[in-house]
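These are the structures, in structure tokens.
The following pair of complexes shares a single chain, chain A, combined with chain B in the former and chain C in the latter.
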Partner chain A sequence: MSTTTVDPATSNAPEAALANRARFASLVQRQGALAIFVVVVAVASVSFDSFASQGNITGIAVQASFLAMLALGMTFVIMTGGIDLSVGSVFALGGVLAAWGSQHGTLAAFVLPLAVCGAIGLVQGLVIARGGLPPFIVTLAGLLFARGLLLLLSDEGATTYKVPRGSSFRELAQGELLGIPYPVILVVVFFAIGGLVLHRTSYGASVLAIGGQEDAADLMGLPVVRTKVLTYVASALLAGFGGVMIASYTSSGVTILGVGTELEAIAAVVLGGTLLTGGAGTVLGTLVGVLLLQVIKNVINQIGSLDSDWQSVVSGTILLLVVTLQRVLTRGDRT
Partner chain B sequence: MTQHSSAATAAAAGVGDPVLQTVGVTKSFGGVHALKGVDFELRAGEIHTLVGENGAGKSTLIKVLTGVYTPDGGEVRYAGETVHFRRPADAQHVGISTIYQEVNLVPLLSVARNIFLGREPRRFGLIDVGAMNKRARELMAELGIDIDVTAELGRLGLGSQQMVALARAMSVDSRVVIMDEPTSSLETAEVETLFRVARGLRDRGVGLVFVSHRLDELWELCDRVTILRDGEWVHTGPMTEMTRLDLVSKMLGRDIEEVRAEGATEFGSSHLKAGEPALVVSGLEVANRLHGVDLTVRPGEVVGLAGLLGSGRSETVKAVYGALKARSGEVTVAGRKVRTGSVRGALASGVALLSEDRKAEGIVPDLSVRDNIALAVLPRMSQAGVVSEARIDALVDTFMKRLRIKASSPDQKVRELSGGNQQKVLIARWLATEPTVFLLDEPTRGIDVGAKAEVQGLIDELAEQGLAVVLISSEMDELVEGADRIVVLHDGHVQAELDSTDLSSSELLAALAGDREPDSQSPSPATNQAAKQAPTQTEGQHA
Partner chain C sequence: MSDGTATATAAERSERTGTSFDIDWVRRNGVFVALGLLLLANVFLTDNFVSTGTLRLQLVQVAPVVIVALGMALVIGTEGIDLSVGAVMALAAALIPLYVGYGSVGAIAIGLVAGAVVGLIAGVLVGVVGVQPIVATLGLMVAIRGVANLFGGEIKSITEPGLVSLGTGDVAGVPYVVVIAALVSLVVWLVVRRSTYGRQLVAVGGNKLAAQLAGLPVRRVLVTTYVVSGLLAAMAGILLAARSQASDPTKLGQLIELSAITAVVIGGTPLSGGQVRILGTIAGALLMQLITATLIFHDIPDSTAQIVQAVIVIAAVYVQLGRGKARRS
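This part shows the complex of A and B:
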């Protein structure tokens, strides 16, 4: 903890300056990604005619919706001070299971992937919370496990499960309401619920407390183990549901999806101002982080002369910039 | 206090009946028996203090009562029935709240959030933030604490944080409240608030366990006392029938005459002050904190630093140690200039700092005693990056003997040691660096009387061996008896320098109190009020 003694005899001026600085720092922490997002969107709208078109914006929103689901779960995990590396693989596994399930009816397309992904999350959560093993290792194992299971199911990608023609399951990601694609609506609804859960339920309070000071949360009698288990289950379920959505969107189970997506999700969460050490952050910030990453990809695609590999280079650079800025501004404020 | 009516009715039933008991409780860690069959009885409507030397088993007993540890043998009874607490939540659910010595709250959350964590007021199933803040405000007003309940807890001083912990404990309907050294980071005014609240709870039939290393507080507040020694029950009886000497002798297991002859603290008379200064600080400035501090310490001299809240005592030693960036000023150690703002530079010149917050800044709880001691000397103990294990073992062995560190072996985890022994491990770590100047920030805070005496004796011994010591303490006796000279700081300036040979505690208080400026401009209501209400209290602590 930093020294925050207030000298009784200091005059008001430096005091106010300090408070302003703290306020500014916390604003950047929370809204840094939003500022960059606004700038990038503004520049892109001016530079490329096609950027601001309705089609392109809808495209960005739909493309971002899959990552958004993973990132929402990741936000809660990181908020507890943990990490979930398994979500990329779980996402792909969910997609393949959904496509497979859809051949046996729309209900199976939901139940099968969510049951399997939820079970993976439950095991990870129990091992982390009860066994006290580091989340990094446990979810790395989960990553390998889910990816392996996926390759087994698809004969190393040789078998591609297709969603049957005319299946109502396709509607999930391909349908729209008032011109807004369902995935986008789902993301908005899920994030609204996520925000409510984080800030207005005792589960959310426990999540923040555990990330802030786990020992204290335990001594205060908060349900530490239950909260953590729930968080990893939720993360896996959201990743699985992201997979369900993409299976519906592509009308098939694509095995090569989701490689490295967990890292993109982590990047989005951190861009959104959530402390990687846990204890503070917002889901809205995460959504901005996801959109920012997607817009960068889109802009680089618009610049026809640039190789798409530049997407990662630029995303990485911006991530580094944002976290450095956050760090510089909060220095001496927090440790 | 009106909102505790349900606690009152719940507890009023059986004033005087045992509410929390242990019968023959045993607990051991790594072969060390911390509790050897302890009987303890807390009655409803009493304030009961637990007293014992360093390592006597007080903390362990409290952790058994609060569900942090499960006992190896014996039983815990609550309201007459045997209970098995497996985690802190179990104890809390039946109505036992605890205020710990180290603040155990969540720094990133707001004050109101911390008070109600796990028990938030709801509306339509969701947390009602407005109602939560309102109730928190009411609670604070009742306690007479002026804190913004929406502020992030981590931005408050440690004293204020402790008051939030108190508010949290008060907000539950408890039949038992356990306070483990709650006053060690509080200002006088805050201690008064705490006592007022404690007495109010007692009068409503709540049973309170109160632990404090400040002996005076025991007679002021407590009804009965239970004394532990070496993990065993020694005595239980009314506080009024016990003299101070009685208490200390029972606690240490020593003769009353012996205690009387040796005095209240372990400090000897003054030391040699000859020779070139070991430490010269001139014009030290730190933004907003220090405005030109001068300090000279000779080898073998103990210089006390005194001052009120915000006077800059801890900042001074931190700046000398390089942990705080100095804007200007010079630090010279043994005639050689030290680069300011660099801990490595300070260490290399022979400056060591024992920081006031051993939990956050010193001890690595999961490392062994050996590794904790060896941490600071690793660079010197290695050749081309290879550490000589044998040399470290020898060094650790020397210091464990010299400082009489009580541990089952050098490999025991520091986490399992008592507060006093942890402090000794830290002192050993710094002594191992063979410092010329040793800066001690509240070296005896939060440790027991016996261990305190040992640490005081040790400081004396170190000075006699020629170490230059800077001593910060919020206890007047310790400064007056322990230091050769006392430098009084105020508002980042040196206010006065007193020779402590003929100085009494009250004279030092007068020096601290007399030179205070009127608090006309108030940058922070909370801190300022504390300072205002506590004109004679030294800067107990700051976050």
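This part shows the complex of A and C:
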């Protein structure tokens, strides 16, 4: 899909100009969210005394850490040219399973949700990669399935499992190291691993190749099916782990979590410059996208007179502005 | 990979088994077969299923989904998707109590215009700017839900007699809501089948570049399609608010985009565009409604109902695509 449409007859000078333009466009594509993020943070720091306080910044980081886990998995899925609509429900399911599991020991609080969520990802991946069904539909069904399973486990949502008092499981999201909460450290570690996997492993190369041209990747002998299945498993595991983290953070399995969170994750990935057509993107961009969304929420909360409904108005508008900008500047580069 | 080979294998298979059973026919019309079978099963297995009360309730409940799904079918036909429909429903419904002073017709007109405007923004983003449909309508979905909340605030009740009768009245025993959904279905079906726009839409969805080279007004077709989708969503939102005699901008139309997409896809319209199946879409919406209703009739809890729906969606799409024939969307 990403054929460059340069007329072969053009001379060198316009070609150089075109290259410059393309370079600028790709910079906006990759760093547009970062620029907006820096501006928003700068303005907020000057306008509100409380914004730059250590407590507020830690709060933003912790709040963003749950979405960051989902968005990391979504980045890989989108880079393969797919989409994962199930992550919001899987996230909530992971939380309920973790809270339930924690009543049988800390180990169960990890193993149970990750096993179930991983299995959901495996089935989705197999149906998509082997069955050839559209990711949109398969993960839409996954969204329903995971939410149904959650309701089944929680007596139709009536039961909220509590993490036992004194359970070491609470430490996962409530503890801190040198003043930095564990969730924030976990996100940094996971994104570092994500970046390494994407740029330094053959799996990462396959992900990008499949997103660029699946048929070509197939013809080159890349393990298309295995790569796609792994990607959906990873996405479900990360969403499930996000759920584990939030169960530890809230000390309970909140059943109503995660509705629409998949769309927030997609928004973060797109803001971060990953193309929905696949084949390109960075995990760092996604992290910036997640932080931008969280900072917007925080700033609107700081402006006490503004209704919290402005959060969605501003987030949605910024998403549209960024993609319009990306699109206008990369016009002619891609079809 | 092509349809030709699939037909050949199907024919071979039926020859081998010695029946005239055509797997391809089932594949194309599976949604009607499934709907018929489920109806029949309910007639025998569900007490009081064959009563005007039950039928009426089911049709009234499914009417807004059908209206939204029709717009969605057109959008999907252009190889697009519209995630903003639920938010547009909420916006249109939120505006009704605010402008009811202009009479019910005035308020409805304002709601419809709001829907068309959102559709226009989506259409321009997709058709003119070239933003991907899922991203453009995702951004709008988030933003418009916020706008609806800002306008609507808390739940407002709707008492204007005109609107109340629109939502709850009937003509010869058939609720207005159902009549409107049927009329809209007919119009959309005729437009897709008979009009130039309908043919252009299918061409644009099949191959944008080819349509452009053939001189078709690609941009205009795309913009029009999203405007229609916005308009129909607004109509569904108004009908839903009139029926429940209240508008709740936080809840109204939530997740309806997913129901609508499911109805369209189960009805045999591929997500890859180039085809629109209006009757299939209506049958798809009816089938999903009937599945939910059947599970409720038999006291199957919500949790199980969702799991069953998930399995049915996958099975339906799997059957349509055929084993191994399918490629990614």
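We adopt the following convention: the second predicted complex is superposed on the first by the 319 of 335 C-alpha atoms of A that agree within 3 Å, B and C clash if a C-alpha of one lies under 4 Å from a C-alpha of the other, contacts with A are read in each partner's own complex, and residues count from 1 in each chain.
Here is the rule we use: contacts are C-beta pairs under 8 Å (C-beta built on N, C-alpha and C of every residue); 3 or more make two chains touch, one makes a residue touch a chain.
Only a predicted model underlies this, so the values are computations on that prediction, with no experimental measurement involved.
Of the two partner chains placed by the overlay, neither chain B nor chain C lies in contact with A:Met245. For chain A, the partner that touches more of its residues is C, with chain B and chain C as the two candidates. Once the two complexes are overlaid on the shared chain, A:Ala205 sits against chain B while remaining clear of chain C. When the shared chain is aligned, chain C comes close enough to touch A:Phe136, but chain B does not. With both structures placed on the common chain, the touch criterion links A:Ile60 to neither chain B nor chain C.
In the superposition on chain A, no contact is made by A:Val288 with either chain B or chain C.
By the touch criterion defined above, A:Leu34 lies against neither chain B nor chain C after alignment on the C-alpha atoms of chain A.
Looking at the shared chain after the overlay, A:Val229 reaches neither chain B nor chain C.
Chain contact summary for the complex, chain A toward chain C: residues 81-83, 127-128, 131-138, 140-145, 147-152, 156, 214, 259, 263, 266-267, 270, 276-277, 307, 309-317, 319-320, 323-324, 327-328, 331, 335. Interface residues of chain A, counted against chain B in their complex, comprise 1-12, 14-15, 18, 196, 199-202, 204-206, 208-209, 211-213, 215-223, 275, 279-280, 334. On the chain B side of its complex with chain A, the touching residues are 68, 87-89, 91-93, 98, 100, 104-109, 113, 117-118, 120, 125-127, 129, 154-157, 168, 288-289, 309-310, 312, 314-315, 318, 324, 357, 360, 491-492, 517, 519, 521-524, 527-528, 531, 542-543. Residues of chain C that touch chain A in their complex: 81, 83, 125, 129-132, 134-136, 138-147, 149-150, 209, 255, 258, 261-262, 265, 271-272, 301-307, 309-311, 313-314, 317-318, 321, 324-329.
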